[in-house]
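Letters A, B and C mark the chains as written, and numbering starts fresh at 1 in each.
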Amino acid sequence: MAMPPMFELRDVCFEYDGIPALHGLSVQIAEGESVALLGANGSGKSTLLRILDALYFPSRGQVSFNGQPLTGEALRQEKFAFSFRRRVALVFQNPDVQLFNPTVFDEVAFGPLQMQWSKQEVLSRVGATMELMGIAHLRDRPPYRLSGGEKKRVALASVIVLDPDVLLLDEPTSTLDPRSQSQVIDLIQGWKGSSKTVITATHQLEIVDDIASRVLVLEEGRVGATGTSAEILANYELLLRANLVHAHRHSHGTITHTHPHLHSHSKHEHKGSSD
Amino acid sequence: MHIPDGYLSPSTCAVLYAAAIAGWYSALKRLKRVLLSRVVPLISVFAAFSFVVMMFNLPLPGGTTGHALGVTISAIVVGPSGAVLAISIALAIQALFFGDGGISTLGANCFNMAIIASLVAYASYRLIATGAAIGSKRRVAAAAIAGYLAVNAAALMAAIEFGIQPALFHDARGMPLYAPYPLSIAVPAMMIGHLTFAGVAEAAISAGLVAYLQAADPALLCNTAGALPATEEASAITPAATNSLRRLWIAVALLMVLTPLGILAAGKAWGEWSPSELAMRQSAGQAASAASNSVAPSAVPAGMQRLAKLWTAPFPAYAPTFVKSARFGYFLSAMFAVGILLLVSLMAQNLVQRRREVRHS
Amino acid sequence: MARGGFLASTMIGFTRALARAMVSEQIARQAGLLQSLDPRVRVIGLFTMVLAAVLSRKIAVVGALFFVAVTIAILSKVGVGMLVKRVWLVVLGFTGVIALPAIFLTPGDPVAAFAGGPLRITVQGVETATLLIARVETAVTFTSLLVLCTPWTHVLKALRAFRLPQEAVMMLAMTHRYIFLLVETAGQMFESRQSRTVGLVKGAAGRRIAARSAGVLLSKSIELSNEVYLAMQSRGFRGEIRILSDFHMRSWDYLGLAAFLAAGSLSAWIGR
């Protein structure tokens, strides 16, 4: 018997106050896949992640997790809700949103406490996770006294502690300095090979290859294209259409160069032509 | 206008706690009909907002502090029940963390600033804004007026609660045990600061925020929009909700009408002032009432004057003089009149509603 | 910086410091007298003392209660300096203003008369003012001790144990967090505007900017709060406050409870 996909979305529609964000989106994600969700700001990436995390429910269409439908009704059932919340974790783009406890320790312990683990288990798992993420020394620190990189690590720790099967990451490297960025990327790469399913929303093309084997490009609220990272990254027209790159002109004297420009400005390919 | 611990007698606190608990209970029940878990974070935001607004307060002599409440914008966005809870939460946190407002007086403070103020704000806003488009200037003006009335209503309630303390609770030597100023001082002292400063501040905040939301996020204003012009969508308020709101209003109106009678009844039992003090007060009081009586006819409507005499006339000679003063009588008449007006308008609304239902069935 | 700018920035700075103080739970983590008691005992006990202060009609009794409050504070690692700054002076500020005129306005036996003036200080006036101020200072000290020595989640859990509805407790928890967020957001907005404007904007333009800033702040706060709520749900929050250790009454807690109740009733009785 074939295993149901981890996530299956069929014709999902979603609106914010009447403004459509997702338009008949259909996609399947298998267990263990590492997927990158590409799309310009406003393309619906965050919305999709929240639908996958059963924080929003579609106005039309179906979402299922491991064959089970994700509806408001289903999430009201305590047993299913607890199981789902433990297995699927979402890391928000803005870490401040996710740091609502008085200290770092309390923050990491929040999830386990909701799961009603024993005091023993909470203490040992929280301790181990903080060591893993290198934040043990920040134990009693209040969140407003953390740097950007530290906040991100605490946010990650607070979801990893539950040992989820699915990780949904919303722009995990934005707002981070280069060193913290590479730390986060290392972490995601570690999951890439494992049985965990990782879905990362990003608009930074240069990290896609590192973090994902499959790419979904979102355009105007639905999946514009899907393929391996190599395929997608080579498809310049697609990237331009999806507003992930822009054509950049600069002049050297009397010669004008037009070349594709990735938003991050760290990779630069000159396919110059003069006009 | 936070009332600190020790300014209201334990019995006053108990009565007002009972009233507050009734208000909280009813607000929670009404909100449970809506999806509470969606509304809870929104109420918490307005609680936080109100908390910060109330932090900017000034001490006013004789009447605690004067400040805006943020109750009006809360009532406009989340409705009166939400506003009751939001302001109450802000008050509770202020009392716990900063001692701004007492624990024993939390019931009183919530009654004044969360319950009465929310109701007055919501009712006035609806009364004035109903029928206007979401983006119209009338709504902005309605918010301003509603804010002004709400803050002053709350201040008036607080002033009354303060003002009745010395007469009702003092020791054998005449020392007031709780708030020391009688109504004749408490009411003007509180009201001056709020009629001029705090009321205006609340009006400005409410109007400013409504204007901003009209441009930035008009959906937030739709909850309590009431009737909209035919071109806009129907309001979200169901008849059932308006009915229970009306019942609450009727209760408030009755309370306002009956309270002066309650004070009158208690008045018959007063009379424990020391003789020297009594003489001093009587002469001072008589001089005052003589002066005001001679000035009054030109300034006070004849009907009010007659009503005032009605309150002050039947008092036994040993009652404290402020109760006999014409000013107190005017004040009571005003409360009575407002109460009557409220009841009349509620009955009118009831008739309109019923006629509308008949038309739609 | 222009005068108005300085005033505004100190006010914002002050508010931010207050918000951070609300969120920080330093003292609650110390090992002191109150910290050693079950949070429910702390809530009942300290509220009993507040009630006793309010019920007392004698200054001597209120004074004794105040002394008890200070003793408990010291034994619970709460510095007197902090009490002075954060509690007593603040209360004196606003209660003093209310109570002071009572010295002159309360009718009674005169203490001193100012030559030629209608102002008379009466014995009753002085007594009233003293009683009022003493009561408020005492009550507020006890209340402050509760929140200084107890993590907010524990206070809420204790209130929940006393049958406060779950929604109310949830709203208290979230509001506490949002106050901090709101003030920080306001602070950041203010800082960014300071760095972009030159000089002071006065009059109608200034008021318009202020109104718009308040609106933006409200919108941002609403948006932020929605996100925080989603983040909480994502990690399994379903409305119940969960903390690390459940409350268990030991004999020490019963002793503490008995002590509080005895002291409270005794004071109320003597001071009636």
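Keep this in mind: a residue touches a chain if its C-beta (ideal position, glycine included) is under 8 Å from a C-beta of that chain, and two chains touch if they have at least 3 such contacts.
Note that this is a predicted model, so its numbers are computed, not measured.
S.K.: Taking each chain's centre as the mean of its C-alpha atoms, give the chain farthest from subunit B.
M.R.: The chain farthest from subunit B, judged by C-alpha centres, is A.
S.K.: Pick the chain whose C-alpha centre of mass, unweighted, sits closest to the average of all protein C-alpha coordinates shown.
M.R.: So the chain nearest the centre of the shown protein is C.
S.K.: Write down the pair of chains with the top C-beta contact pair count.
M.R.: B-C
S.K.: I'd like the Å distance between the centres of subunit A and subunit B, where a centre is the mean of that chain's Cα atoms.
M.R.: That pair's centroid distance is 50 Å.
S.K.: Quick one: subunit A and subunit C, Cα centre-to-centre, how many Å?
M.R.: So the centre of subunit A lies 41 Å away from the centre of subunit C.
S.K.: Distance between subunit B and subunit C based on Cα centroids, please, to the nearest Å.
M.R.: Here subunit B and subunit C have centroids separated by 24 Å.
S.K.: Where in subunit B do residues touch at least two different other chains?
M.R.: In subunit B, no residue touches at least two other chains, as defined above.
S.K.: Which parts of subunit C, given as residue numbers and ranges, touch two or more other chains?
M.R.: 181, 228 - these are the residues of subunit C that touch more than one other chain.
S.K.: So in the complex, the part of subunit B that touches subunit C is made up of which residues?
M.R.: Residues 4-7, 10, 13, 24, 28, 31-32, 36-37, 40-45, 47-49, 51-52, 55-57, 59-65, 73, 85, 89-90, 92-93, 95-100, 102-104, 171, 173-178, 180-181, 185, 204-205, 208-209, 211-213, 216-217, 220, 274, 277, 280-281 of subunit B touch subunit C in their complex.
S.K.: Help me check something: in the complex, which residues belonging to subunit C touch subunit B?
M.R.: Counting only subunit C, the residues touching subunit B are 11, 15, 18, 22, 47, 50-51, 53-55, 57, 87, 90-91, 93-95, 97-102, 105-109, 123-125, 127-129, 131-132, 135-136, 139-140, 143-144, 146-147, 155, 165, 167-168, 170-172, 174-176, 178-179, 181-183, 186, 207, 210-212, 214-216, 218-219, 221-222, 225-226, 228-229, 239.
S.K.: With touch defined as at the start, can you tell me which subunit A residues reach subunit C in the complex?
M.R.: Touching subunit C: residues 50, 53, 55, 78, 81-82, 85-86, 89-90, 92, 94, 96-98, 100, 102-103, 106, 109-111, 113-116, 119, 122-123, 140, 142, 144, 158-159, 162 of subunit A.
S.K.: Would you pull the subunit C residues touching subunit A in the complex into a rising list?
M.R.: 20, 23-25, 29, 151-153, 177, 180-181, 184, 224, 227-228, 230-238, 242-245
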